[in-house]
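Next come two complexes built around chain A: one with chain B, the other with chain C.
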Partner chain A sequence: MTMSAERPDVVTGGAGSPARVPWTQRRGWISQHVGTALVLGLVGYLFGHWLGNTITGGYANNLNSGQNSTADFFALLFMVVGWLLGIGALNYPIAKLAGRRPAKELDVEGWSKYFRYSTNHKTVGLQYIVGVLLFMFTGGLLAMAIRTELLSPTTHFFSASTYIKIVSEHGTVMMMMATSIIIGPLGNYLVPLMIGSRRMAFPRIEAFSFWIFVAGYMVIFSALPFGGFPTGWTGYAPLQTQAGPGMISYLFGFAVIGLGMMAAGFNIAITIINYRAPGMTWSRVPIFVWSILATAALLTLATPTLFAAGLFGLLDKTAQTAFYVTEHGGSSYLWENLFWFFGHPEVYIMALPGFGIVGEILPVFTRKPLFAYKVGAAGMIGVSLLSFFVWQHHLFQSGINPDMRPLFMLTTELISIPTGFIYLVGMGTLYKAKIRFEIPMLFAMALYFNFLIGGVTGVFLSDVPVNVTVHGGFFVLSHFHYTIMGGLLFAFMAGLYYWLPKMTGRMMNKKIGLWHFWTMFIFFNLTFFPMFIIGLLGQPRRVFTYAKNLQGLNDFSSVSAFLLGVSFLIFFFNLVWSLYINPKKAPANPWESLGLEWQTASPVPAHNFDRIPVILSDPYHYSEENAPAVADLGEDDRLVRAATTPDDTGAA
Partner chain B sequence: MNETHHLRRLTTIWVVLSVAADLLFWFLVGPHVPPGRMTDMATSNQFDFNVLFVIALPVLIGVWLYLAYAIVVWSAKRGGPEPVGGEAARTNRTAQVAWITITSVVVILLAAFGTIELIVNHGSGGGEGPNPVWSPAGATQAETAALAGNGTWSPNRNQVLPVQVIAQQWKFTYRYPTFGGFETSQLVLPNNTTIAFNVTSLDVIHSFWAYQLSVKADANPQINDVAFTKTQQTGPFTVRCSELCGIWHGSMYNYGSVVSQQKFMQWAQSTEAANAANTKYLPPFAWTYVPDANGASGGYYPDGTATPYSTAEIYGAKQPAS
Partner chain C sequence: MSDVTKSADFTSTPEEDEFELRAHIGSVWSGGRLFIGMYTFLLASLAFAYFYLRSSNNGLLWRPNHVTAPTAYGWTIISLTVLASVMAIYGKWRFRKGGVVDWQVAGWTALFGAVLALVMQIWELTALPFYPGSSGYASTFIGFSVINIATLVVGAYWLETTLARSLRLHREIGGVQPELSAHAEAQSFRANVAAMTYFWGFVGLSGFLFFAMFYLL
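Presenting the complex of A and B:
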């Protein structure tokens, strides 16, 4: 372990203290890691459980259980506090509150840095990759269980109550995963590199956002030993009020994840606004950074509503308030309104980063500039603004504000205009291009195919008369899997195959990658396309049994889903194979990108750039005679230039 | 190959494919699209779905055709001409303005179409809350009379029939206020009649989805969610719960039937008589019901001794139909 001396921006603690080292500078205090976090988390859990039972013993029981709901809630609350304390997330604020000089977090080399509170955005990015893959893998296993149950309407693999727990857990875990899957790993890793910054604006808040994300994983999975929750990921009250102790894990889990989302969004938005290198004007910012900025704005502004809604739910369950209890003066509409006021911006939190990734990848593999860059950036900002005005389309049949339905139909359909800009950008870039079908490009093209189906079916859902048939059924289920999985997850894969060589210094195997891509693309469509028909034929969501005549389609979908699961195993195999078993060193710039993130040294030094680069133009001047240089990196007067001759573009 | 060639070729294939696909869909698939034509709402909602599909098909075909064309013609393996960068490849005012204009016009027309269909069809069978703004003729009078306890319905008089749908974990029951407010688990409806469904819940949120009738209205506790439809074919239909309501949500379904007006009258009168002994123990007809202190629906059904049945003022707030 060595203390890094390369961070002039952070005051290094310790030096200058006289004889006695203050406690905030001591080794035991600053060298915290996952081990201490787990121990303090456990201690916190036990303490919270005891405290809850002590202060509300006897009257705050969960329905349908002998457990005290305040004890359940306090146990999770203090577990998270203990976890954060143990990982070192609270060292800085505690030292500040105590009026002591805070210590700098340890800059550790080697493997153990991934298990610590690292303030290096590249470490956080890689930590996030593991984190979101963990979410995705567990959520995916639950999806396999769902499709197993739906193999037959009469033979049941799970009981009705187990099935509904699986469905609810799958939905919630996947939603939590999807909010962070790109902004967490790729946003944190790439944004400073792309805007020419040495660091994030708030590195501690960035590390906090990751470690509380992990705490959120533990909280949401604590629902299963508590008996699960029956509400799906939407958590509608009063079903929520009626549910057992697993519901507390859901409500508190979203609050915990929500804190991480707000922290991540806040940090990234501030970084993009304030830490751009000289010359990185708004018209030169890479399109991926635009998409992350729009997403970060949504995270920061929409998530507090979810946080408040979850808090109300927790108060209903512990302090016996009646926010959502109709017969005591509350309203079941209140949760629906609060949840979807967050929930619809959330949908775009899960779409915009994907658009950014394909926007970044297309020019590289077509050797053409990004078409209509400004329209694309405006589209992303437009989507994020409009997304705050559409939430009631989830409630078209609920009886809430029925005369507002034309307005919400209009705003919802309007949002397809800025979303359509993404297609204008993509199709214009492909025009008369010279397309290299590398794995990232294949995934990017697949997004255009899948998201189109997701987008067009969204227009059907937004039409109130058609919504009568398709609302709450498999049609809408298929629709959002097409946008989130077909869009975001395909973009995430594109991004991983594209940027992992920079992040890890190793190339992903192309042959296994091709197997991964084709199995994922084919079986994704074979899994979810039949669900549109299943939904139109009258199958509601979240049911463990269905009409006999729908078994053929359901079985087809289930078998395809299992094969889709296999494609993820191929992906994991490729990860292990290419990174550890048979690593191939990646060239410095394997795709010949002009992006600033590819121009730093490999592996990326701790401080990213030896000298802050001066940005001279946007990074999309491909195939252009006398193209302006992209950036001046200040090393031997090195200018990053677009290659113009066929030899330099080097078709793969 | 110059620019106009690419675009001309693409446009030609696109127009041919789109016209063919639209015609095939409209005439072969369209008439069979769910929810069928059992009610006026189903017919109009099927029409709306088909109109959207006819607009969607050319969009899908256009983008997919373009992607396929790019993959085949502009692949690096094919060794075509080098791409040309520069300002012309970065922006094209005509293309951008055309794209934005066309998508905006289509989207606004779609919203206008949906709004007109929604209003003309009295809410299209969707839940319109306690005070529907787009009720069909005669609905408000029928609902007001039903609540006052003096509503009537008889065959061949073209009257609106109010039916109350009460959802609870995990079944639907139905009350017929114009027939003494009897409650039954059978949903029988007269043909060629406008039905006003008054949907409410005794516990959590459910959703009343009469699939073939094209009616879907959330059942919220203490809220009366009204949806209209006019039957036009006799036969059975399916009722499912379409909002997650707990463990047995998946088995919360039953079947209803649309019968001739005379048959319905017979059924309603005989059921009213057969149920009379039970009906007098039910709380007076109201748009919504509140469970008493014994817990969800504890006071709703007679348990013989403990719970005295209160008046409508206590059990449920009366709301005027509009």
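Presenting the complex of A and C:
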């Protein structure tokens, strides 16, 4: 079945006979879109709740308890199914089951395509940008609530139980968001362009990954009306077992998001392996693509463990099993092991794409080749592999055999070696460089500053004696905010400022961008650096009160956090200003990059490249004498070639 | 293959079409293997839970009185699963030798076995001699049952859609054995058959390992 070029709303069957577009894919309200998804999600929720109560309402553990975990779980499960049905994610599998050729998803023109099940990787990438920003905004509001509570050790805005639920929701939302913040928006949008492909390997799986991600967002926020959960983002048993229905949202939310992560990683990994343009050998793959491949490997292999851990937790809640109930033959440590077997690779799921972004940006703004490119790629693979062998360092204080501690201390310290490789690739590129301080470059350099602090404190934390001392305190909290927010989020911003001109055809306002950068950089450090001191002075995490003598530092940190929040408002303002209020058309290649993604037309055509390019070298030969051409675009013998001097315009 | 979004005035060269077909077939091949890798980590998590709780034996409640899930059900389920697995592999072997009808018969037989195994696995949950939370063994068995149900559903779905696709190829391409033709759809179909069979081989093997863990050890 092919799309008719003459009549976009008509598809031709195998025999060539025209057939009407099914109602599910028509333009307008009578079709499948986010509205129908919401309606069917609501119907599914009500149906699931009724079904759960009907089946298990009479069971002894539910009778007269005022609570039915099975009904709560079924409600969420059927809500997700209804959501997927409404958005059109199940059309294809159902059609296949019935032996019919599935109708091709139409890419509707105009803004409404962003509210539909699109198989265009660029549309999905932009959908992801809005999705993760929404995640980040709501998680950020919860962070503001946390810092508001910590303004005073004695005057409270929230009760102790409300406070821990806010902390838990904040942590969970942010971690869920952070796993997809780069691979979702930038990975989906850019990877096919960077490898010279016209498409993703499995576009429906790609679309599924986004819409299930949104469903996961709703599931995890359903915890709040269910009364929240008191476990922090790590969900440790036995507290998990004792918690109320909000815990179901946590467990199921992680499982749902996990499905999305696996789908996204699976599709992108297969795309990179199979759809690289002719000539793009592994030694010519852009460093960002390497980082996404390493991340995809972690997503596909580590996330099933999280999924299993969530499933076991849900069975404890609904079928009354005892996986995490020590008194009934289970073990709370089982959750901790399974959770961190996923949880530590997750740290690198978040860190690696950030280094991929800055690895792309540094050569462009220094006009130098990427230093030790192959070492950087090897470092990313090394980090991926080693990340599966360090999870027990999260349990140093949680009852593991003390004899095991040195082994996991060693593996944790070992991982700093490939991480150091990646870091030194950046430093080597910056060495003796004439830097263009554009906004993306500023964010990229800020990442190196922040990650240095986050990384070095991480090496401290891997040592058992230090870990024993500072475990569970603000020192750890500050460490991971420096690595994740200071690394990942700064890289994400660098990537947005760098690639948005390609994605939207609009330049971001530089003056507002500078305000955004400096406020974010300064207040990020002023927020989180004092927390190292607060932690060393003994303030524990997740507790809404603290020693009176720490109020000054806490207030300093809180006020800085509010101003950090303002920096994000500046970013949102810049986004609206630059894209809608005062749009400035972006040049085709505003940064003079050699990257393949910049060589195709702007706006990027649906099929990405008129001709599949032939790759001739890696895209980092900036300012080199006799630099080889990067790619043959096949259009009038057009070659992409590096400029030989920093003043030259580069790609031609 | 034809899923890619293209603008109306876009045309690709025959070389590009061939390149995309090769990439698509490679995707099915490597996708099938990666899917098995993902499934392996899921099953490894279950195996970890099993051995962790078994070795912990908290409160001597790993498996009080050596209670076991009904072995008659267990033997029936694993026999049907292995039957489905063997039939899928045999069918693929015949398919490679040109026996498309043999593959179809083997495929429908495998599907029948898989669905029957699925029904038996669900039925077994109603006949357990223990309460789900009564021991570590009981808990992990329930976990295994749920995962096995999911595995059989996925496997049966893949079998059914592959068989249905075979019938569709007859309608759309025509000919005696369109599955073996040089048509791009047929090439894609063959890659799918190979990936599906590989998955069923994995299901049979892993099913036997878990059967041994839960019913024999």
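A few points about this structure:
Note that the second predicted complex is superposed on the first by the 606 of 652 C-alpha atoms of A that agree within 3 Å, B and C clash if a C-alpha of one lies under 4 Å from a C-alpha of the other, contacts with A are read in each partner's own complex, and residues count from 1 in each chain.
By our rule, a residue touches a chain if its C-beta (ideal position, glycine included) is under 8 Å from a C-beta of that chain, and two chains touch if they have at least 3 such contacts.
Model, not experiment: these values are computed from the prediction.
Overlaying the two complexes via chain A leaves chain B and chain C side by side, clear of any clash.
A simple residue count on chain A separates chain B from chain C, and the partner touching more is B. Using the contact criterion defined above for the overlaid structures, shared-chain residue A:H471 touches chain B, although it does not reach chain C. With both structures placed on the common chain, the touch criterion links A:P203 to chain C but leaves chain B unconnected. In the superposed pair of complexes, A:A160 makes contact with chain B only, with no contact to chain C.
Contacts of A:I453 after superposition on the shared chain: chain B is touched, whereas chain C is not.
Of the two partner chains, both chain B and chain C are touched by A:E327. In the superposition on chain A, contact is made by A:K434 with chain B only, not with chain C.
Taking the Cα centre of chain A as vertex, the centres of chain B and chain C in the superposed model span 100°, given to the nearest 10.
Between chain B and chain C in the chain A overlay, the least Cα distance found is 7 Å.
Residues 326-327, 333 of chain A are contacted both by chain B in one complex and by chain C in the other. Interface of chain A with chain C (complex): residues 1-3, 5, 8, 14, 93, 96-101, 104, 107, 119-120, 197-199, 201-204, 262, 266, 269-271, 273-275, 278, 300-302, 304-305, 307-309, 311-312, 315-316, 319-323, 325-331, 333-334, 337-338, 341, 605-607, 610-612. Within the complex formed with chain A, the chain B residues making contact are 3, 6, 33-35, 41, 44-45, 48-49, 52, 56, 59-60, 63-64, 66-67, 70-71, 74-77, 80-86, 89-92, 95-96, 99-100, 103-104, 107-108, 110-111, 114-115, 117-119, 121, 123-130, 132-133, 199, 203-205, 207, 209, 211, 214-218, 220-226, 238, 240-251, 290-291. On the side of chain A, the complex with chain B involves touching residues 160-161, 163-164, 230-232, 234, 236, 238-239, 242, 326-327, 332-333, 366-375, 395-403, 405-406, 409-410, 413-414, 416-417, 420-421, 423-424, 427-428, 430-437, 445, 448-449, 452-453, 456, 459-460, 462-469, 471-473, 536-538, 540-547, 620-625, 627, 642, 646, 649, 651-652. Chain C contributes residues 2-10, 13, 16, 19-20, 23-24, 26-27, 30-31, 34-35, 37-39, 41-42, 44-46, 48-49, 52-53, 56-59, 61-62, 131-140, 142-143, 146-147, 157, 160-161, 164-165, 167-168, 171-172 to its touches with chain A in the complex.
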